[in-house]
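First chain A sits with chain B, and in the next complex the same chain sits with chain C.
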Partner chain A sequence: MSAVAAAGGRKRPHPDWKLVVSLAILIAVGVMAICAPWLAPFDPEAQQILNRRVPPVWHAWLYGDAKASLLHPLGTDALGRDYASRLMHGARVPLLIAFSALAVSGVIGVTLGVVAGYYRGWVDTVISTIIAARLGLPIMIVSITAVALYGASLLTISFVLGLLLWDRFAVTVRAATIQLREMEYVEAARATGASDSNILLHEILPNLAPVIAVIAALEVGQAILLESVLSFLGLGVQPPDFSWGLMIAEAKVDIFFDPWLAALPGVCLFVIVLAANLLSEWLEIRSMRLGSP
Partner chain B sequence: MAGDSFDAAGLAVKPVLEIENLAIRFPTRAGLLHAARGVSFSLSKGETLALVGESGCGKTSVGLAVMGLLPKHAVVSADRLEIAGTDIRGMSQSRLDRIRGSRVAMVFQNAMSALNPTLKVGTQLVEVMTRHTDCDARTARARAISLLERMKVDRAAERLGHYPHQLSGGLRQRVMLAMALMCRPEVIIADEPTTALDVTVQAEVLALLKELQQELGLAVIFITHDLGVVSYISHRVAVMYAGEVVETGPTPEVIDNPAHPYSGALLASVPRFIQGPAAPRLGVIPGAVPSVMHEVTSCVFLDRCTMAADPCRRGPIDLDDAGLGRAVRCVRSPLRETSHPGTEGRTS
Partner chain C sequence: MLETIVQRALVALTALLVSSAAVFALINSAVDPATAIAGADASAESVEIIRRNLGLDQSLVVQYVQWLGRAFLGDFGLSYRVNRPVGELVMQSFVITLTLGASALLLGGVLGIGLGVTAALRRGSFHDRAVLLFSTIGQAVPAFWLALMLVVVFSVNLRWLPVSGYGTIAHAVLPVAVLCLITIPPVIRLSRSAMIEVMESDYIRAARAKGLGITYIVLHHALRNALGPVLSLSAVQLGVLLSGSVAIETVFSINGIGFLAWQSVQRADIPVIQAIVFLLSVIYLALIVVGDLVNSALDPRTRR
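On to the complex of A and B.
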């Protein structure tokens, strides 16, 4: 390759494949979930008793299955409901829960982390103890207990996950804040008369943004997985509402006869969590390259 | 005291900064670290005092003490620590916040790390002013632009929209300077503001600082180890060694005729660009800086001094007036023996 081409390449670098792939997946899934009522070809709850367990369209191409057709590209389930429509609608609950849990856990974790890292001393000791206590709580058992006590609803699950998933935010933000508070521009801000709250909001928080973004992307994937686990165990949303986890649970009786019924929501879950992790990784590498803590 | 200043009419001017017997100690695991002891000086409007000394001599600690910015575990004591007549000893954080940036401001050594990388420089400049005065952002912005223009920054309004990493080192230092001046403070503490810059930019920034200082009547504490800079910028100089001021006086006199052996040795270790057989060897000071971990029982420069004698060992040496606005902490100083017969009884 010529030097000119190399220089040109550096000027406009190819966007990282991790960013492209993860954003494409996340945006596609997001649009599908939000617009499911308009995009889905069928009512996800309309049952067609005569059209039960229609296999996905590729069964027609691969095995010459006469029942499979483009009418139901991803087939139908045991009650004859269009599986493509159900998968689209089934993404709404996990995404909704993941993002509301993220908002709750982000606020708790970032606040605790910043306060502990900035003030140190006994405040730090207390918060570090709270973090350690939280890390000692088994997430599954606590969520099962909470659902048993307060019932399985969107709100309960969002809050339970939000109240349980802040530890990574707190630990990372605390470590980053300890580094940031020693920065010269924090001292410079203090030299211009900035109060603690000024410094926290204007000097520390904006510089934490890369760290927070990395953790947030990671936690979205984590929250989606946890919601699915809870739904799979029957502790999440209850029928007739449904999510990918619940669809896997319903399909498990048919797993030896119609494995695609369980595989399709499983693949969806795998892909979206992978996308979240890829995005987090890309953000992490980028923030390291920019020299942020 | 040597620091008294007089205005044109010969009347004593009330100093804007007065420090008397300032001591800064840091409790460490190995014991008490004396970062500064017995530091006294005063500073009037329009005057620049250079604090000179090698690394670790306590000059930065003194600057931070005036700002109230020393770490919480530092033990600061002083008979007097006043900015424009306001005693800042034991002042609460929130009252200190009100003084910092408005009456006394600081310029830091490294403008890259002293500016927040995530905020536009305009935001950072405006913030300083809106924090201390009830003026709106637009007025503050206009002041920022006029200050930057005053500092010969071209396209000043456009620069406000830039992030620190988009500016050159010289520009960043000018922004730092503008930030310090936003609220028209009386005292500026400049902690090696030009050390991180290359020589041409350094000269520009120094010239600018000198100009502004005269124009605005600022009192400046200029912390540096560069003696060339000292003679250019300062009216008076205080040489620090191991936490003590060993000599103070008007800059030209101290540079031309140092009264303390340490000042003399420091000046002799500045390289001179003379070639050929007549070239003098670069002066060095034998030995190392003494530990500041214990109380002073003799002259602090004793171990490295070529003039050391018996009286130097008898106890801590006082900073004594040597006439002509000079003071020196040396019993064997030629200045003290000639100009102050009164102290001779103690030296012999």
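On to the complex of A and C.
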């Protein structure tokens, strides 16, 4: 890791550490979210009035706090609900929304990008204007407006985020398609009389996969962050459903005395978004090494 | 050059029309403005009277064109919530958000470019890797949560800074710090990669072959060419800062444009929401155009 080694001996950390770290985190969080009903030690809704605001177990180790114990390793919240169980269940909504939003935005963005990049001309002008119109919309304000007006359900939030997050797909895929359409194998396919749709589906789209994967990983992280802001503002899923963002909002009133209540869900958010970004970075380096557009 | 300007401006203007029409349709298909003005327990007749008096019985297209015409003259109507002109309400809070956003952009831009450029000059070094790690981490931190944690550390535990509010420098430190951390990572990334590209170009090699000092080359040749893309990014970043301030302004109880948007959304104050979205779209699209133009003025190669 030292500067000398890096400059002289080219000894660097293995390039795949980003892949290993991000996959480990994503799989762990994914399993935790999907299996939360079976893995969580307590019912996330079960309130214990006598066991409220039990601090996490390290308060016992660090400060000798008698209330903290391994029974509730991450403590309990203001209503006496086991915080570890809530954190596990709280991962479900953000992940579900992020992947649904990704599906919507991926389809819109890739379609627009491929069509604009392949046909160019007036089609490109129209689509580029649509992209500019999307960029002009302030995501946060439009999404709180839409969610407030249409009701905060899983479906609306996923659709609203999906309809607002496709721009990066469109911009990147368009640029990559412009490069790809000049490739010799595309020329060859055209010369053999392949139709446009055939070329798009069989020559262009498969070669766009690396670019799409880079953006997809990045956008999952963005969607998770946006969902958390919506929930934090009280415009995300409504109780009894909950997510990490809503847990931070609930913990905000206790921030003066029990800041760890707000800290823990934020750490979870940070870790999963970090994993998504690292995966995106690894995919980007890999596609550059393979010489993709 | 003039042709480029006109072309870019036309695209931006069309985009503005498309986006404002989309938001107009989005809002009006979900809420009935007449009911929103009259209140939930108003009688059907009074709702009808309001609808007729305000011209809300006309088709949506007519209403949109009328709204747009007045919007270009700076008239956004009256707020449903407080009986004041929307333009006045929005500008008042916009000044606050702009002050915070511009300070954060200035500070974050300088820091980000500094870190990115020095990392590029010593590529692969410990410094370079630390800067990249910082930007990776910075991109993953939820900003509103970071704001809360900074309040815990600096306001609650250390008691150095006020918890919330706006007005003095001390009040602005934490919000600007958080906004700054949103700005820095993308600036680092772009200035680093732009600088690496420039330093590997032929004219820099030529300058080095002539025996010019590295500091002279960086200051007189490389920076000028590397900073073009960074400047256009900064323009876009200002737009991001202005529109992304909702949660942060809520945490710090700052009466900025994001906080106003949040309040207006909760009370279905349609004219205010439309005005905010319109204003932010105008600024964002204008910044993109200006960024492009600055970029092409600095770097003749990007002129088409």
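Heads up, the rule we're going with is that the second predicted complex is superposed on the first by the 278 of 293 C-alpha atoms of A that agree within 3 Å, B and C clash if a C-alpha of one lies under 4 Å from a C-alpha of the other, contacts with A are read in each partner's own complex, and residues count from 1 in each chain.
The rule is simple: a residue touches a chain if its C-beta (ideal position, glycine included) is under 8 Å from a C-beta of that chain, and two chains touch if they have at least 3 such contacts.
Quantities reported herein were computed from a predicted structural model and do not represent experimental measurements.
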item: When chain B and chain C are modelled together on chain A, clash or fit; value: fit
item: First, second, both or neither for A:Ile141, with chain B first and chain C second; value: second
item: For chain A as apex, the angle formed with chain B and chain C - C-alpha centres, to the nearest 10 degrees; value: 90
item: Dominant contact partner of chain A by residue count, chain C or chain B; value: C
item: Chain B versus chain C as contact partner of A:Gly193, first or second or both or neither; value: first
item: Partner chain in contact with A:Tyr185 - chain B first, chain C second, else both or neither; value: first
item: First, second, both or neither for A:Ala209, with chain B first and chain C second; value: first
item: CA minimum distance (chain B, chain C), superposed complexes, angstrom; value: 13
item: Interfacial residue positions of chain A with respect to chain B in the complex; value: 183-185, 187-196, 198, 202-203, 206-207, 209
item: Chain C contact footprint on chain A (complex, rising order); value: 1-3, 6-7, 12, 125, 128-130, 132-142, 144-146, 148-150, 221, 225, 228-229, 232-233, 235, 248, 252, 255-256, 259, 262-263, 265-266, 269-270, 273-274, 276-278, 281
item: Complex contact set, residues of chain B against chain A; value: 67, 69, 93-94, 96-102, 105-106, 108, 110, 113-119, 127-128, 131-132, 176, 179-180, 182
item: Chain C residues within the chain A interface of the complex; value: 11-12, 14-16, 18-19, 22-23, 26-27, 30-31, 122, 124-127, 129, 136-137, 139-142, 144-146, 148-149, 151-152, 156, 239, 242-244, 246-247, 250, 258, 261-262, 265-266, 268, 273, 276-277, 280-281, 284-285, 288
